[in-house]
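Structures incoming, each one as structure tokens.
Presented sequentially are two complexes of chain A, the first with chain B as partner and the second with chain C.
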Partner chain A sequence: MRDVAIVATAQRPSQIGTQLTSVELILPVVAEAVKNAGIQRQDVGFWCHGSCDYMSGQPFSFVAAVDAIGAWPPIVESHVEGDGALALYEAWVKLQTGECDIAVVFANGKTTSGPIDRILTLQADPYFVTPLWPGFDAMAALQARACLDAGVVTEEQMAEVAVRSRRDAKSNAVAHLKGDYTVDELLSGPYTTAPLRAHDCSVPVDGANAVVLAADDVARRLAKRPAWIRGIDHRIDTQRLGARSLTTSDSTRIAAEKAGVGRDKVDVAEIYAPYTHQELLLRSAMGLDATTTAINPSGGALVANPAMAAGLARFVEAAEAVFAGRADRAVAHSTSGPCLQQNLVCVMEGD
Partner chain B sequence: MSEADGIVRLRQPIGVEYSWSAGPNATSHLSGLMNGKLIGKRCPSCTLVYFPPRNGVCPKCAAILAEDVEVGPKGTISTFCVVNVPFLGQKVKIPYVAAQIVLDGADISMQHLIQECEADEVRIGMRVEPVWKDRSEWGPTLESIAHFRPTGEPDAALGSKAGES
Partner chain C sequence: MSGASIGSLHGDSFVAPLEVAYPYSRTVGTALSRFFTSLKEGRLEGTKGSDGRVYFPPAEFDPQTGEQLTEWVTLPETGHVVTWAWQSTPAPDQPLDRPFAWALIALDGADVPLLHAVDAGSIDAMSTGMAVKVRWAAERGNGITDIACFEPVSDVPGGRS
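On to the complex of A and B.
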């Protein structure tokens, strides 16, 4: 295995209802990430993009994104129809093959150009679930109800997640929803999709981000303190919501074990939890202890959820914690699909 | 829902509506077409002029195309196709010609219809000009132009820089 690290990152502040095209969203963050790494575009051996055509409503819309990275002289690139975190996994594999030493991963999510609750429902089973149009929030609400009934979470704990996320987001320029709230204040609000209240659901925003990966000595040359990827694993639960437990996340537990989360203390965990109860489930599945691990110190995806870029944003935040010395060991997590169907877990370490 | 041969069939069409943005950098191009003007965009790095301006960025340089450049209205055919095959929804009588046209001052080609000449007269290098629809029909689309027709000028060599590296 080669040693592969994140050596530079860039994110764009969240916006709602941007008039920029996806290409215009991506171009500045890719340019900034490349600049932050101290390299030229021509040094990049592999480009990998994560996005979702259903969100732009155009088949093959991702092809246009190549314009944002500059395709001359000819480049080697790929696209993942999913979160940028999965594109990062592909780039990590590419670096492991030894075919290149530097890869750039980028993601964009324009969640406000269409009805995102309906669009994300298209990820459900296309034969028996999607035609019923349950709604993405409503599927999460079913899961929250199951968790509450099983005593796995309480509404107070869920509100605490929102309070902490909004408070921590105050120091994050990228975050959209930030401020000081109390649990009582949030619990006095009405249910939006019972048992979920507005604070239990993430804020859909338009965003983009980019990450530069490098291998071995190239990584050591490009970053003072690279965020070395020590373990990365992706697992999928069944698509059938009725055929798995909604009160646990086996795919997260297995991915965390394979990535080696429990081998040592975790300083920072950036978890992609679009709903408050999901953060509680994911923490438990990864065996993270909130008294010793800072959970989502960026505010997480609850305060800004650029779908398809929100998972890669967790890698950006975790890597930046390592760069800055705020963490010696950090976890980045990404999810996709209804009720935490797919989960990717990565452990990063500083030198 | 219908039941035949004991099979229950359920039709449940998918419907999702989007609001689409052309983006600030391609907007002057589209507004131009609403006003009878052909506006392309120049790359600040390689200086190529794009008409149409793609997504408002230069794919060679990964640079934002901020500068407006009026191009045409005349242009030169860079390649073409004679359409002989009837298909559902066909609006033009066959045979007709769909051509790639490099407008004067532009470095990439755009596709449009060639009319007012026989299909077998069309050739690479032929000079053409736009025939606009009635002003009441102009919109943010190349369909504001009904078609292109030969100018009768001598054929031109293509001077595009687009293929150079």
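On to the complex of A and C.
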């Protein structure tokens, strides 16, 4: 195996209702990440993009994104119909093949330009679920009720996740929903999709981010303290909500084991949890202890969820914690699909 | 393509319709064909998994082992709520146009529940474990929406229909 690290990152502040095109969202973050790595565009051996055509309502809309990276001289590029975190996985595999030494991964999500709750329902079973149009919030609410009934979480614990996320977001320039709240204050709010309240659901925003990956000595040359990827694994549960436990996350547990999360202390964990109860489930599935691990110190996806970029944002935040020495060992997690169907877990370490 | 015209002149402009759709039909395969045909005929059929668990709707392949499932089980119209959520403001194309519950519902005799709507009238009428029964759609032959929704089964004597 080659040693592969994140050596540079960039992300744009969250916005609601942006009028920018996807290309305009991507171009500045790609340029900034390339600049932060101290490389030229021509040095990049592989480009990998994560986004969702269903969100732009146009097949092959992602092809336009090539305008943001420039196709001359000829480039090697790929697109993942999904979160940028999955594009990062593809780039990591590409670097492992030895075909290139530097890869750039980027993601964009114009989440507020369409009815995202309805659009994401297209990820559900196309014969049994999507024709009923339940929406992502309602499916998450079914999971939350199952967790509450089983005593796995409480509404107070769920509100505590929101309070901590919004408080931590105050020091994050790219976060959207920030401020000081109390559990009582949040629990006094009405249910939106019971048993979920507004604070239990992430805030859809428009955003984009980019990550530069490099292998071996190239990574050592490009970064003072690279965030070395020591383990990365992606697992998927059945799409049938009724056929899997909604009070645990087997795919997360297996991915965390394969990625080696439990081998040593984790200083920072950036978890893509679009709903408060899901953060609690994911922490438990990965065996993370909130008394020794800083959970989502960026505020997490709860305070800013640019769909298809929110998973890669976790990698950006975890890598930056390693760059800055705030973490010797960090975990980045990404999810997709209804009720945490797919989960990707990555362990990064500083030298 | 549908029989729509290819377009016409409106003043100086030629205007043509653009239908964003897959303008063809497809087969859903042997297992789902049997399931949807039986729904149209008012029967509820599931399959038995390799571990003996009964799936409704049927699983064509066992989610745990990938094994093809061929043993069919006919199920009753009654079941119970495994978990539920309250849709206070219905959205377009959902099964009901008034506040209702989403639920995972295990039919009596089934182990793996399905997601559907419960026409409970009020959130106060909902609880985990409550008994429900199928309400059939007036017109059938449209897939999973042949089940219009589920409705609570009253525990009051004489309340059962």
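The rule we apply is simple: the second predicted complex is superposed on the first by the 351 of 351 C-alpha atoms of A that agree within 3 Å, B and C clash if a C-alpha of one lies under 4 Å from a C-alpha of the other, contacts with A are read in each partner's own complex, and residues count from 1 in each chain.
Please note the rule applied: a residue touches a chain if its C-beta (ideal position, glycine included) is under 8 Å from a C-beta of that chain, and two chains touch if they have at least 3 such contacts.
Please read all numbers here as calculations on a predicted model, not as lab measurements.
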First, second, both or neither for A:Arg240, with chain B first and chain C second: second
First (chain B), second (chain C), both or neither touched by A:Ser165: neither
Touching partner for A:Gln341 - first (chain B), second (chain C), both, neither: neither
Chain B versus chain C as contact partner of A:Gly70, first or second or both or neither: first
Which of chain B and chain C A:Ala31 touches, first, second, both or neither: first
Partner chain in contact with A:Asn209 - chain B first, chain C second, else both or neither: neither
Which superposed partner A:Arg118 touches (first chain B, second chain C, both, neither): both
Touched partner set for A:Pro131, first chain B, second chain C, both or neither: both
Overlapping contact positions on chain A, where the chain C interface meets the chain B interface: 118, 131-132
List of chain A residues in touch with chain C within their complex: 117-118, 127-129, 131-135, 138-139, 141-146, 149, 191-196, 238, 240-244, 246
Chain A to chain B touching residues, read off their complex: 18-24, 27, 30-31, 41, 54, 56-57, 64, 66-73, 113-115, 118-119, 122, 130-132
Complex interface listing, chain C residues touching chain A: 28, 32, 55, 57, 59, 63, 82-88, 91-95, 102-104, 106, 112-117, 123, 128, 143-145
Of all residues in chain B, those that touch chain A in their complex: 10, 12, 14, 16-26, 54-64, 165
